[in-house]
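Structure provided below as structure tokens; questions to follow.
As written, the chain order gives the labels A, B, C, D, E and F, with residue 1 at the start of each chain.
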Amino acid sequence: MTEGPSTHRRRKVEIIVEQTLAPSVLRLIDGCGAKGYTVFPTSGGRGNTGGRGPIPVSRVFDTVMIVAVCEAQVADRILAKAPAVVGVGVGVVWVSDVDVLRAEHF
Amino acid sequence: MTEGPSTHRRRKVEIIVEQTLAPSVLRLIDGCGAKGYTVFPTSGGRGNTGGRGPIPVSRVFDTVMIVAVCEAQVADRILAKAPAVVGVGVGVVWVSDVDVLRAEHF
Amino acid sequence: MTEGPSTHRRRKVEIIVEQTLAPSVLRLIDGCGAKGYTVFPTSGGRGNTGGRGPIPVSRVFDTVMIVAVCEAQVADRILAKAPAVVGVGVGVVWVSDVDVLRAEHF
Amino acid sequence: MSILELALANLTSPMVLCFVLGIGAGLAKSDLDVPDAIAKGLALFLMLSIGLQGGWKLAEAGASVAIAFDLGVAVLVSFLMPLPAYAYLRYAGRLDRENAAAIAAHYGSISVVTFAIGTQFISQRNLPFEGHIVAMVALMETPAIITGLLLARSARNAARDEDADRDHLLREVLFNGSVLLLVGGFIIGWIGGAPGKAAVAPFFLDPFRGALCLFLLDMGLVVARRSRGFADLKPPLILYGIGMPLLGGTLGAVLGTGLGLSLGGTTLFAVLCASASYIAVPAAMRLALPRANPSLYVGLSLGITFPFNVVIGIPAYFALAEALR
Amino acid sequence: MSILELALANLTSPMVLCFVLGIGAGLAKSDLDVPDAIAKGLALFLMLSIGLQGGWKLAEAGASVAIAFDLGVAVLVSFLMPLPAYAYLRYAGRLDRENAAAIAAHYGSISVVTFAIGTQFISQRNLPFEGHIVAMVALMETPAIITGLLLARSARNAARDEDADRDHLLREVLFNGSVLLLVGGFIIGWIGGAPGKAAVAPFFLDPFRGALCLFLLDMGLVVARRSRGFADLKPPLILYGIGMPLLGGTLGAVLGTGLGLSLGGTTLFAVLCASASYIAVPAAMRLALPRANPSLYVGLSLGITFPFNVVIGIPAYFALAEALR
Amino acid sequence: MSILELALANLTSPMVLCFVLGIGAGLAKSDLDVPDAIAKGLALFLMLSIGLQGGWKLAEAGASVAIAFDLGVAVLVSFLMPLPAYAYLRYAGRLDRENAAAIAAHYGSISVVTFAIGTQFISQRNLPFEGHIVAMVALMETPAIITGLLLARSARNAARDEDADRDHLLREVLFNGSVLLLVGGFIIGWIGGAPGKAAVAPFFLDPFRGALCLFLLDMGLVVARRSRGFADLKPPLILYGIGMPLLGGTLGAVLGTGLGLSLGGTTLFAVLCASASYIAVPAAMRLALPRANPSLYVGLSLGITFPFNVVIGIPAYFALAEALR
């Protein structure tokens, strides 16, 4: 596995939820000790609870993707607590490895 | 490789195509047996066929990214069939490993 | 590690910066020899320099994510030069492995 | 004019025809599409404009104790309307507590767009209406959410970060955007009076109906595109989606007449009682009752009750209000 | 007035100047930018408004058999115009079948924005025009796509999910958004007549030219920003981008005069024949002929023909129509 | 009318009340939200409209040497105003060179929205103003950026791709969108004159104040939502945020009177001198002085000076201009 100059192994947690739940997820991520996150808009998708395109009048059901890159223990804590938030409603969670520059940021 | 609590190895397929082709790609993904996907807007990019920023009058050439997390065999099937759709026009495809929560969703 | 039919190992560099810096980053990526990139809008995030939601009057502080999939050496070059651009202001950089179709595109 | 003639006249208005065009385009799977930002911008415009128009009317007419009494009645109606709805949905509709409560909350609340179409129906007939009806629009948006939550009581999921979420919900309910725009516009209109009106009428008043057309085009598209999700609606629920507005409209017409409102005001109060929320309440329910099925509550309020009110309900409530005088 | 005077007068209109401002800003690499959603919202507005205006005119004038005949001629022209275009592009332009067919299809179709500028040119001169010209706009959008596909025939890629794609294409062609808005607006205007017009004119009629200015500002930016892609255009193609609208405009002026249209109507029919699509047809071609090069077809229709028509073509077709009377 | 009465009258205008509504909604953490695209679309509209209005006025009044002299004075003021600001910020505010220079640049430049509110304040009083004041708006946007950069001099980061970035900055400064819209609109208005005005006034002139209301609602939301970041502002900086516009406004009123501008024109020139940029200059500073803290410069110009000017400053400069006659 090629490594760039002075990178550090971290975990990238990606969570897709309805935007109504996004604040709860962000609180959860903060609470687990992640130093940052980024929120991305989606144009819709399909999953177990059916398709969800953008529905202009009521954006309630739109989904966002929340990405947090963090240390492995933090990621484990997020994964352990995530089902309580994304388990009830709509949502998927996955995690993968990344190598970061400027490790103190993560 | 650190694994979060009770996660399951899957493949994440990412496809960038012009949005005109998106419906064909989504049909292909469905047809290969993926249980879900998410579509993301892009703000443009550059590739073999030149740069493509947002062109307001005619959104035809705008690209989207389609992400599907699925079992390895499903991913292989998608990769095998993708060139027929993305081969002609504009488009790139890549795939990587992720660990998912709630395996039954993928 | 499962590999799809005829894929090729590459590195995916992901950079989140304020959009004012995006042109500098894209020039850097081009200069390092990447054959393409894609820019994604974000809906905001939080990091070392505080939270940044969308601020309609002045989009200066909005961030974008730039994704470039490229050969390992190109990625190393980007990582080596990135701190000069993202080091001063706001920004994070990470990199991971992906397997691409149509290797000649990357 | 008979109800049928009224309904026909209503059907030839550009507003209703644009709604029909949107439905047609959506069912034909056309690529016609109103960008989100435009739809949201139009909604902001319509709500602020409705608020201003109410304020200007009140500035002309002046405030009074009678008005405060009317407003109190409106709030009470919004609190109580979910009760019969819940009873029907639990027993005739055979729904669980959470779904029944979520749907019931939608019908105690109101639909600003239905109200806007109602005002155009009234002003096409050159009838006046009381400015404080607009204050009712704002006041009736949220009380039913509380009734709904009380009905669903302990059904919420215990595992989640309840306190933070409750705060979030409270803020969403009290300071939700449409309520602030309606109330804010109302007060701005009231304070500014005639000079304020003269300054901004070319933006907020004259183009109102045209903007409503474009918004209804989008609404039609949305209704048609969500219609697949409406397939979950069984006959007793569809019956509810038509019967409940008729019940609410009748109640509103009777109460409005009793309160001594004008013909226009009575009709609009009936429209408020008959209409169901599909913006503010779904957002609150998604947060507070995540296990309730949105296809049911959005399906009923947006897919059945909204089109029914736009095409048939409004002229019917008007005819009833006229008959009751 | 000579053609030159007409062209000069045209050049001082705010619409054309806004287009020039957009081109200038784009060439200077300014950060000036019209958000996508606004550009799309303006396009919706313009198309619905054009449809309504046509419908209102028809409601005043009344329908007739002569009108149906005019419409038939317009459809026929749209079907046949790609033929000479294809011949030129294949033999003089030395293009392959797919590219030639794709470009030809664009010129059988029409540009709604060019038409909108034409209507403003006409109404600035206080000339009337027939309402059913607007129906022609809708009817001429799509027939040329079929001719184009027939010309390109088996050139499509066999590996793709053809049936589903053909369905998709058919739906896109038949129910494409701009056709639905034009036809829908036309019918809504026709049904609603004068009362409908009174209700929504402050939104759809009075601000029309101003909205067109903002839209053309964006068009100018787009043309300038895509101009690097236009570098692929060789002299025979550039010649085509100017010669083809002149041919189409002349044909339209002659046919319009022959059909007995008014001066305004004849000019606008000429504008339709002269203009080339850059919204609906590129979308269809991208799907149906993915191997055709979009830089060529968008470059020609948007980069050469559109500016040519806006600045020089429209006054020229008007002068010709006047001379033919 | 005393300053207090003027301020009170100003406070009941729908524009200012909408700003207050936005601030209230933002502080209450309401979900009220103006989509980005709408806010940006409104900004485009307002700037193009201001440009056009100036051009139409100039077309009526005619150009002259005196006008060119006025414009020269305006440019000079914009170049020099950062100097006293920088001195204060360095010594009383105890800021480092880069932050002091960045903030100073903002106050030499202007705020188009503050200017727009000023024009409405003036026209509500039926006072005329000179069309070329609008040219000043465009001319005063950017000179202060250069002064700011000279003050910060070698403070830039050497590691970055300086040449390319300097090019980028130069282009951003010279061809920045708002300057192009103001200048472009001005020229289009000037060339088009009365006929151009008649064509587009229903879009660009009549709805201007209403559109400004919606834009200010959004501004209020932004100010309130960014207010947490303003907490970094220490008392000497807050004093600066109020004292600097008072200094600028006084200078402007004196100079304007000296130049022989009308009462309206003098007030507006004072408003320009008093206002601080929060769109063009932050963008330039972010690129040129990345180490300067945006919370400081945006906090001051948007969080302190903008609200101060809107609520108190404009009436005060008007009263001063009146007193100086």
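Observations on the model:
Here is the rule we go by: a contact is a pair of C-beta atoms (placed from the backbone, for glycine too) under 8 Å apart; a residue touches a chain by one contact, two chains touch by 3 or more.
What you see is a predicted model, and the numbers here were worked out from it, not measured in a lab.
Graph distance from chain D to chain F, where chains that touch are one step apart, equals 1. By number of C-beta pairs in contact, A-B leads over the other of C-F and A-B. Averaged C-alpha coordinates give centres for chain A and chain B that are 18 Å from one another.
If you average the CA atoms of chain D and of chain E, the two centres end up 40 Å from each other.
One inter-chain figure worth recording: chain A and chain D are separated by 35 Å, centre to centre, where each centre is the mean of the chain's CA atoms.
For chain E, residues that reach two or more other chains under the stated contact definition are 34-38, 40-41, 202, 207, 283. Touching two or more other chains at once are residues 40-41, 87, 96-97 of chain C.
By the contact rule set out at the top, the touching chain pairs are A-B, A-C, A-D, B-C, B-E, C-F, D-E, D-F, E-F.
By the touch criterion stated above, chain C contacts chain B in their complex at residues 1-2, 4-5, 7, 10, 12, 26, 30, 35-41, 64, 69, 96-102, 105-106. Those residues of chain E that touch chain F in the shared complex are 12-15, 17-18, 21, 24-25, 28-38, 41, 120, 124, 202, 206-211, 213-214, 217.
If you check the complex, the residues on chain E that touch chain B are 34-36, 39-40, 43, 157, 159-161, 164-165, 168, 218-219, 221-222, 225-226, 229, 278-279, 282-283, 286-287, 290-291, 294, 298, 302. Residue ranges of chain B in contact with chain E, taken from their complex: 18, 20-21, 23-24, 27-28, 50, 53-61, 84-85, 87-89.
Listing the residues of chain C that touch chain A in their complex gives 11, 14, 16, 40-48, 63, 65, 72, 75-76, 78-80, 82-83, 87, 92-97.
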